[in-house]
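I have a structure here, written as structure tokens, and I will follow up with some questions on it.
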Amino acid sequence: MTALLEIRNLNVYFATPDSDVHAVKDVSLTIGESECLGVVGESGSGKSQLFLGAMGLLASNGRASGSVLYRGQEILGAPAASLNRLRGAKITMIFQDPLTSLTPHMTVGAQIMEALNSHRALPRDEARARVREMLEYVRIPDAARRMTQYPHELSGGMRQRVMIAMATITGPDLLIADEPTTALDVTVQAQILEILRALKSDKKTAIALISHDMGVIAGNADQVQVMRSGRIVEQGPVDNIFYAPQQDYTKMLLAAMPRAADPGPDTSPRQELLLDVRDLKVSFPVSQGIFAKAKELRAVDGVSFTLRAGETLGVVGESGCGKSTLARAVLQLLPADKGKVLWLGRDLTEESREDIRRQRRGFQIVFQDPLASLDPRMPVGVSIAEPLKALEPGLSRADIAARVRAMMQKVGLEPEWINRYPHELSGGQNQRVGIARAMIIAPRMVVCDEAVSALDVSIQAQIVDLLKGLQAETGLAMIFISHDLAVVRRLSHRVMVLYLGRVVEMANSDALYRDPRHPYTRALLAAAPTPDPRHERTRPRALLTGDLPSPLDRRAQLSFLKSKRIDDAEADQYRPLLIEEAPGHFVAEHDPVI
Amino acid sequence: MLRYSLKRLLGAVPTLFVIVTLTFFMMRAAPGGPFDSARRLPPEIEHNVAAAYNLDKPLLTQYGIYLTKLAHGDFGPSYKNKDFTVAQLIGIGLPVSAKLGLSAMAVAIILGFLLGTWAALRQNRWQDYSVMAVAMTGITIPTFVTAPVLTLIFGIYGISLFGHDFTLPVGGWAGGKLANMILPVTVLALPQVAFIARLTRGSMIEVLRSNYIRTARAKGLPSFRIITRHALRAAILPLVSYLGPAVAGILTGSLVVEQIFGIPGVGRYFIQAALNRDYTLVMGVVICYAGLIVALNFVADVLYAILDPRVRLT
Amino acid sequence: MKTDVMDAAVALKGRSLWKDAWTRLLRNRAALASMIILGLIAALALFAPLVSAYAYDEINYEIVSCAPNWWPISAPCLAGGTHWFGTDAVGRDLFVRVLYGARVSLAVGFVATLVSLVIGVAYGATAGYLGGRVDALMMRLVDILYSLPFIFFVIILMVLFDRNFFLLFVAIGAVVWLTMARIVRGQTLSIKQKEFVEAARAGGVSSFGIITRHIMPNVVGPVVVYVTLTVPDVILIESFLSFLGLGIQEPLTSWGVLIADGANTMESAPWLLIFPALFMAVTLFCFNFIGDGLRDALDPRDR
């Protein structure tokens, strides 16, 4: 029996001004009928270029060689006309970023219709009905209205559903999904993956699922290929890869994957109280045109917590929950509307800018994007030295250089790189620079705002270990912010879950992961994929439905307490109380969980 | 949409006001006046003339009088062309200038866009390089060089094809006959063709590299459809934003072109009027052109919003 | 796709983005050639009195409108000697006049660009850094000024203030600063929101330090590109004014004046048009190539 798609010895090259880059090296694989092939690899492994190359969709400076057979028929290098009969009809694709992947000036209905019409001539009404049916299949509510909207009017999750509808309306044999959920929140990701699973089981569509996330692969793939720098390192049935990996690289990837079931650090140290945040509120005016009255977006809406020396507080939430705003308001990088931020007993919100500037010796921050948070025109040594120069004036040049070198060594950077520029270092190395910059003045607290989210999982694990080591050595307090519950688990003594600017649950991390009380925490935990195929296959999927609501809609904060909700977007809503259900375990009021 | 138009219309009033004020006081700040001449007039006559045009009053009063008249649509008399009012002079010159300018604009946009798109689709091949080389030349050679050179070739040496004489007239307007328009319009459009071609090429290349073009290709659409349905509208946006500056460029060019080809447009009046200190005429022309630019900016904004659904007019 | 591998083979000394850009610029053959040609023209203009045996206002009625000796087509008379580009309608040496024209044109180009740079950077940086209402108001004014038919203003200025050479610089500079202000403002605004500025603030760096150490060096790139594209623009505007008889006055000259004169006698003495036009076109070409090269060099992700 011939395979649905067979790739033989595929090579992909890109011509660059300096030299040719060999992105995919001699890759062979097969995909059977209605089978899901997972392709996993870190950034730069060539996993996306592999399929783009096979489908003749490379950028203009790329070229592919080898052989690609669809049901035994060669398609690599086939003339455009015959390739176009196949692409979009029998083999379709969806991509990572659904906003830029949809044409901005066409309605989503028109774009889906176009996919259908260019492969099958149907009467207009019938085609329209098919599009609607398809949108309903991917669970887009109010499909008829959505068809007339433009991509920018939909949320990220909706857009990806539209992409899926567009890719399945022609009834393809194979859907190539290139990082389909990477840009999405974890609860939305779970819904999109559910749709892909349904597609495979009811429409018998084969799927090539490309992802960097072992968890996503574990729950969906039948066969798995592991890629690294353009080559296939290991391949086999999903259970073999996950439970009996042969190659060191695969083992390393699996070991690096954070798991919610991992043991966290020991219990909270009872030490000096550093930070006491009380009822902090931050809002932004969201203008809707120059003359319209600005709406108020309550990004942080009454958050209180404390932090002790040597302790790590994990802060978890999805996009729009206000976690980054919270970090900036605590560090006085953004003005708070209300509430107190007591640092060693002094209320920072009352102090002058210059006083705050001097206090910055005590608290520092590490940002999400290592490259964006370093000045591209400054050598990394100078970046690291900046806080030292600003906050400890009077140090000699030699002292500064010595301390920068020592710090670089401590965070695992070669001290000789002191004159390097950020673009000459990798993402992980740049993040070490960011950590060195935060640590150089020996602060008592560091806020890590999604500090490992932009990194590959193997690098992620190294950075987490580095932070842990620094904490053990210096008694540093940390606020560790992430959208990923599993990463937070490794570092945090206590965890706080945010939903649309409010705390829904806060507890010691053991208690929170073992016994989540709030339905939102439970949904987050349930949605997070784990690198454990058997568990993924059997576990119940308690899913939230629909997308995250807009933080501008005040009703949304009461999504879990609908009994007290007033159905008016403008009205002042009830504020759920935080109740201490067990010692140290705070849960926001919510409707009973069924 | 109607509300937006009204708002823009109201917004144009302060703009025009600033322009009127600036021009008025700038002109008066300079020494000399419209009735200074080599031949000295007897003082009483000079006084009478000045009084007739209110030039003896304080500057601010004159400004007030001018604004009041302007508000009633009266541009005043021309100081130098005694038998005409400014409105009449503009009424004669403007249709000519407008016909010339708009034709050049149309040629520039159509030709520039086609050339730019073609170059983008043949990126880094000889077609691309030759279009861009021609464009660069068009930008660097000023109109007052292209005008005489083209005149020499097509007007004086002349061309004959298939036994017909296609020699073009070297000057004059003749009521805007096609033959008389070809040379001035070509000269006027050339730098803009070049600029628009470069602009279009850049934006088209960027659009063709975007993710949604990849999606369209993955859908199996033929490339003609990808370009017309998916790429074109996005690629045209920078061109729409360029409309305003393009008009300004054509305006500048038209001053030269009207002079060289002896075309009785507004531009020729302007230079004469400025040299003669014909205050009212200068003001009239400036207001007229400023109004034109304001109007075209409005058209450009509306067009932009029509082409890009993400832009909302407020 | 960038590889994460950075081997130790790279030299210890880091390469700054400026140096990177400079090497990329030197690798761009069109830009490199342009820089060399432009340098030559500038040097010739600067040392014009040393290069030529004639003074720029030296009239010689014996050789009126004569072609250079090497002129390939028959001409009414030959200028002879070292009149490499022939002579003009009053027998002045065209070569030295083209060089003196270069002095004026290049000076106008640079000075007016400098004027626009100073106004534009100060205005744009203020608007961008302050942001909010001030920014909105300042940019609204720029929008209004944009709808002025600005060339008319230059003409009015030139007419009314009697073709003052200095005023010519200022007038043109005052016309072209608007775009500069927009660019600087946009750039400042976007850099102000970059994470590395926030990082510097978190690191205790003062506002002054942030402006001088982080914002200014990052605004320079696009400004430099725009400057190289403004100079040719200004040269064109000046030549255009000269053509209308509103620019430089005799016996001083500029390329615009020479070209305008040459255009009148194109049939009888084409060299009077060809040489100044060639010099000007080549100069404008060079600036455009350098500008394009700089843009590519400073923004490597494009291409």
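Lettered A, B and C in written order, each chain numbered from 1.
Throughout what follows, a residue touches a chain if its C-beta (ideal position, glycine included) is under 8 Å from a C-beta of that chain, and two chains touch if they have at least 3 such contacts.
Computed from a predicted model, the values in this text were never measured in an experiment.
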* Structure fact -> Greatest centre-to-centre gap (Cα means) from subunit A is with chain B
* **Pair of chains joined by more contacts [C-beta pairs], A-B or B-C** => B-C
* Roughly how far is subunit A from subunit C, going centre to centre by Cα mean, in whole Å? -> 47
* Calculate how many whole Å lie between the centre of subunit B and the centre of subunit C, each centre taken as the average of the chain's C-alpha atoms. => 23
* How many angstrom between the C-alpha centroids of subunit B and subunit A? -> 51
* In the complex, go through subunit A and note every residue touching subunit B. => 52, 55, 57, 59-60, 80-81, 83-89, 92-93, 95, 97, 100-106, 114-115, 118-119, 150, 152, 163, 166, 288-292
* Structure fact -> Per the touch rule above, subunit C residues touching subunit A in the complex are 1-6, 8, 10, 12-18, 20, 194-196, 198-206, 209, 213-214, 217-218, 303
* Touch list for subunit C against partner subunit B, complex -> 144, 146-153, 155-157, 159-161, 232, 236, 239-240, 243-244, 256, 259-260, 263, 266-267, 273, 277, 280-281, 284-285, 288
* Once bound in the complex, which stretches of subunit B touch subunit A? -> 7, 123, 209-212, 214-223, 225, 229-230, 233-234, 307-310, 312, 314
* **subunit C partner contacts - residues on subunit A that touch it in the complex** => 14, 17, 21, 23, 43-44, 46, 49, 229, 328, 331, 333, 357-358, 360-361, 364-365, 367-369, 372-380, 386-387, 390-391, 414, 416-417, 419-421, 423-429, 434, 437-438, 441, 456
